[in-house]
Amino acid sequence: MIVVMQKDATEDQISHMIERVEGLGLKAHVIRGTERTVIAAIGEKREEDKSALESGMGVSEVVPILAPYKVASRELKPEPTKVSVGSFTMGAGTLGVVAGPCSVENEEQLMSTARVVKKAGATALRGGAFKPRTSPYSFQGLKEEGLKLLAAAREETGLAVVTEVLSTDDVDLVASYADVLQIGARNMQNYRLLEAVGNISNPVILKRGPSAAMDELLLAAEYILNEGNPNVILCERGIRTFESHTRFTLPLASVTYLHNKTHLPVMIDPSHGTGHAYMVADMAAAAVAVGADALMIEVHPNPEVALSDGYQSLNFQQFSDLMTRCYKIASAIDVTMEKGELVV
Amino acid sequence: MIVVMQKDATEDQISHMIERVEGLGLKAHVIRGTERTVIAAIGEKREEDKSALESGMGVSEVVPILAPYKVASRELKPEPTKVSVGSFTMGAGTLGVVAGPCSVENEEQLMSTARVVKKAGATALRGGAFKPRTSPYSFQGLKEEGLKLLAAAREETGLAVVTEVLSTDDVDLVASYADVLQIGARNMQNYRLLEAVGNISNPVILKRGPSAAMDELLLAAEYILNEGNPNVILCERGIRTFESHTRFTLPLASVTYLHNKTHLPVMIDPSHGTGHAYMVADMAAAAVAVGADALMIEVHPNPEVALSDGYQSLNFQQFSDLMTRCYKIASAIDVTMEKGELVV
Amino acid sequence: MIVVMQKDATEDQISHMIERVEGLGLKAHVIRGTERTVIAAIGEKREEDKSALESGMGVSEVVPILAPYKVASRELKPEPTKVSVGSFTMGAGTLGVVAGPCSVENEEQLMSTARVVKKAGATALRGGAFKPRTSPYSFQGLKEEGLKLLAAAREETGLAVVTEVLSTDDVDLVASYADVLQIGARNMQNYRLLEAVGNISNPVILKRGPSAAMDELLLAAEYILNEGNPNVILCERGIRTFESHTRFTLPLASVTYLHNKTHLPVMIDPSHGTGHAYMVADMAAAAVAVGADALMIEVHPNPEVALSDGYQSLNFQQFSDLMTRCYKIASAIDVTMEKGELVV
Amino acid sequence: MIVVMQKDATEDQISHMIERVEGLGLKAHVIRGTERTVIAAIGEKREEDKSALESGMGVSEVVPILAPYKVASRELKPEPTKVSVGSFTMGAGTLGVVAGPCSVENEEQLMSTARVVKKAGATALRGGAFKPRTSPYSFQGLKEEGLKLLAAAREETGLAVVTEVLSTDDVDLVASYADVLQIGARNMQNYRLLEAVGNISNPVILKRGPSAAMDELLLAAEYILNEGNPNVILCERGIRTFESHTRFTLPLASVTYLHNKTHLPVMIDPSHGTGHAYMVADMAAAAVAVGADALMIEVHPNPEVALSDGYQSLNFQQFSDLMTRCYKIASAIDVTMEKGELVV
């Protein structure tokens, strides 16, 4: 249920209603909108609870949340959520761009990439330190050493740092270095890990699993939100279909659907979503046009020798061209985006 | 094989080489590019044929076509194909927009739609006269009566007319009324029908089947091209996947892939591709950004009472807004598009 | 609607009700069950029609058909349909086996295969004379010459003959040679072709398209049934999914679903359904266990040199082993199946 | 690489070769077959290592492992792996049956089910104590209390106990109560969890993710095997496709494929694989016919009131009928299976 407070409800009235919600054995999530405050009351539905809350001072109305997800729902919070951390801002008309290598390989690779993506207009640096690899025999990432390099790159460039966390055991460590934590597609339904990142304050990028239905994605987000972390960014990175000319099929209609159902911002990852460097710029441009709140792009100084995902990584020139094209489209449809410089 | 003629090859030399190709029992398709003429020699590969042709006067080189499709291949014809018929132009930097109702229902419905889509900037009118319906008990279209209404709408508005043909028996009839014939997704591999439209001169829109691989689509186009009709437009209208929040999943990376492999223009149909009116404008905008050569949009005076596909049809206002947004994006990336007027 | 006649309704009463149904502008399909006769009244639903029919002499009740397909529905005809033609019998506890080469290539190939599959227990011979090929440059079949060879093989072995028809133009020709006509997966929604085979009396095998939903398959069958041909056999031959270790994914639960919804018999094609010869016997055995009414198996004297589909064709020994295994399973669960001899 | 020892190689020679493998910085996995011992040498491939090992005393040959998975590969170990724990035996011609409720709900529910499935011929009891639920607001399982009930049911019935583990933190706890640990489909690529169950000795059932490719499944198994736990059972439980008349699409050809590529036993779960109780027996029968090594079946005293997955659970009578049918098929094709008694 959503307890919608009157516009002029006092802080005391709000606090009092939170107590009443909790007194009924329900969990209270408070959303302070620009217009009014609402309190989500999460738990088993009972008709008598609704009546009990409706009579509260300062309460405008009590309405059910029809979606299976509650805190993530646009019914609860009609205004879009904007996530800001360091230089990285996304949502509500501002486009964030996260760029960098699939894996952090060494200082030279990471620092050169960081400088270029910053110059070209990116607002955050991505780089994998803990890598989930299909084979146990593949390169598993530099781990803490990689995190230190990412922090150093932030120090120099001012870019926010985004990196993946694979295990509940590593959440605190990763959160101590990174600005934004990423939950990979393979872990979208690793519920213990979702709960763990729900208990920190860093924003979380939650990638859609390649066969996840939209409700499954939103309920996975709900696991994080329900623990108290409100800064969840949903990321579409492609689904598994019969198509074999792309690594995954990237459905951009996900942006439209999610904007309709949730206030959370939506990111598009055209690198994983296509699996081919030559397709990335086209799909990034399309993502801007469709209304995505952020992009995630793999960039590498020399994709041919990358330790992972080289075939889908852009080199510096390609990334710069992509940013120029995206900036033109964003400007045409009144989306705010960092204006980068050309990289040669 | 491709017989690439020298830049200064004479007409006599070209004619002579065509004869030699045919003398070897091969089929000759001549493509006259801006730079030079090439002759595709289609048939069973024999090493001795290559040698025999290489020695011809005016021949620059003879190279194999690696793709399974030949005439459709970009190896054979690097320059993009531009299709023009009436007011409808698409390809090579010009965006065509085909709009109109799913089914032609009556004169009032069709004429009012035609006037509005023309005003908003569309360059062709679509409308189904022969309808392929999942159930034998559903409305099957007005048939020839519908074709007559379409021709009348062209008369008044100057829009080119696009309509579907379902059967070899109807090809001549439909071609006598319509400018462009459409092969629907269900008939993408109806090879006798493909051959029949390969034997007329009207341009053909070939819709991708919902589970067709790209090679299957291009080989279906090859059935048409191989009969002698060079004006084939490929249309991506969504594939069948596990997703249920959209009617189909619309993979815009198809545009990038197809532009890489073929010279044929590529159209996007966001109406069928999403199945929901509220998603159509977003995906149309994305299609423009990704580089599509044309759009196909379902428009109806009153979608709620449409005889077919109402849930995915736009009303006049929604279509006008879509065109305004697409025009802004096209302009930002130097794509030519008809500038429409606002429709209120 | 279904007009259910009383058990003791007379022929006169039945004829009279058919007239009344037609008098209401509805189409009457009569199903004579072992227990009672029912008349399907197909057309637009009107409440007053129901009342008009309920009052008829000999009428037990008038009930709506809830499924979108009517004549195909198990609501209309609870007893399973059994199809018999020549030696080929399938349905209602009897397993039919259709075996033979993908394409008819020549007399020697076809006759040797026919003799062996007959000996091993098959009840019908398959062989493609008109071949739907993905590429216009592939072998398109022997056409009428192939039909003549099939008829000659029937003459010698007594096997029923099954072959595909691709075009409305060929229906009469093919029906004059073959016992059973096959509509291939690519033509499942070629509605003019479905109507054409609805107007002949030969049984029709209707293959499921690789992305067809069950309702789409059943409505395609309805196009045939609605024209008056009651002998439709549904064939599951695999769907298109992300899996790449098989050519298609073969969902055997289709048998259970279809038996629940329709009285029409269900055939399984493990050759196309897997695309690999080494998988065919396992899946054929599973199809028998799940309750399929028939199998379709590709067999070739020498799969390695087959003109089409060699990688999924069994040689004679493999086919004989498959039949032995299927016979054991059929016997264990009381399914009737021809007992073949071992082929060495 | 695989170091294949001679048939008469001594223990000393084997030990010595293990040392040499490890001396090269490679990991040694020893597989003692009935015919001969082989040593898998896992690590980066270097040509000089192969030569170094070939010269060892007692070595027959050194061959590369072509598959990306090594220890799981049939190249390394041609004989099928048989897993036995308590009464539960599966693999190499013996069919194991795991049955029980989706969730452990209470003592009465679990004990009554355990008695019945034991009587009907099951060899292990399943029951979820830690439940991975799509929504954070759904019943999450009885946790340790559920494990205690499972252990009590084993005490009384002698059935082996199978239950899921969700988190590395719970592995030791779950392993202390259960005989066999299950990794659910959502965690198939939770690599830290795979490593954790690789470090215990209990057999592990690894469920295929709904969009996992076969190589991804086998490489996930490899994560477990590579840590030293050789008892991995692969479980096919259905994939996500466009089909909506079943919850998932259950591809039985997976059994054939996996038996071809790996020595690990393969289980089929028709309950999740179809999502409908009325389909479970048919698909279980088919799984036996195709050659599966084990079945996993959801059974509940009263499916209509189950706390989870009731629509796909069988009641006692239905389960008993399923077992009777499976026993008949198993017997017909010489598969060993516990003969149960009829349950009324």
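In this document, chain identifiers A, B, C and D correspond to the written order of the chains, with residue numbering beginning at 1 in each.
Rule of thumb we're sticking to: a contact is a pair of C-beta atoms (placed from the backbone, for glycine too) under 8 Å apart; a residue touches a chain by one contact, two chains touch by 3 or more.
As the structure is a computational prediction, the values presented were derived from the model and not from experiment.
Of the two chain pairs considered here, C-D and B-D, the higher C-beta contact count falls to C-D. Taking only C-alpha atoms, you rotate chain A by 180 degrees to land it on chain D; that is to the nearest 5. The pairing of chain A with chain B is characterised as same-residue: of all residue numbers used at this interface, over half are used by both copies. Here the CA centre of chain C is 38 Å from the CA centre of chain D. Rounded to a whole number, the gap between the C-alpha centres of chain B and chain D is 50 angstrom. The set of chain A residues that touch two or more partner chains comprises 211, 239-242, 244.
Chain contacts here are complete: no pair of chains fails to touch. Taken together, the chain A residues at the contact with chain B in this complex read 211, 213-214, 239, 241-246, 249-253, 255-257, 260, 273-274, 278-279, 282-283, 285-291, 325, 328-329, 331-333. Here chain A touches chain C in the complex through residues 240-242, 244, going by the rule given at the top.
Taken in their complex, chain C has these residues touching chain B: 42-43, 68-70, 132-137, 166-169, 186-187, 189-192, 209-211, 215-216, 219, 222-223, 226, 239-240.
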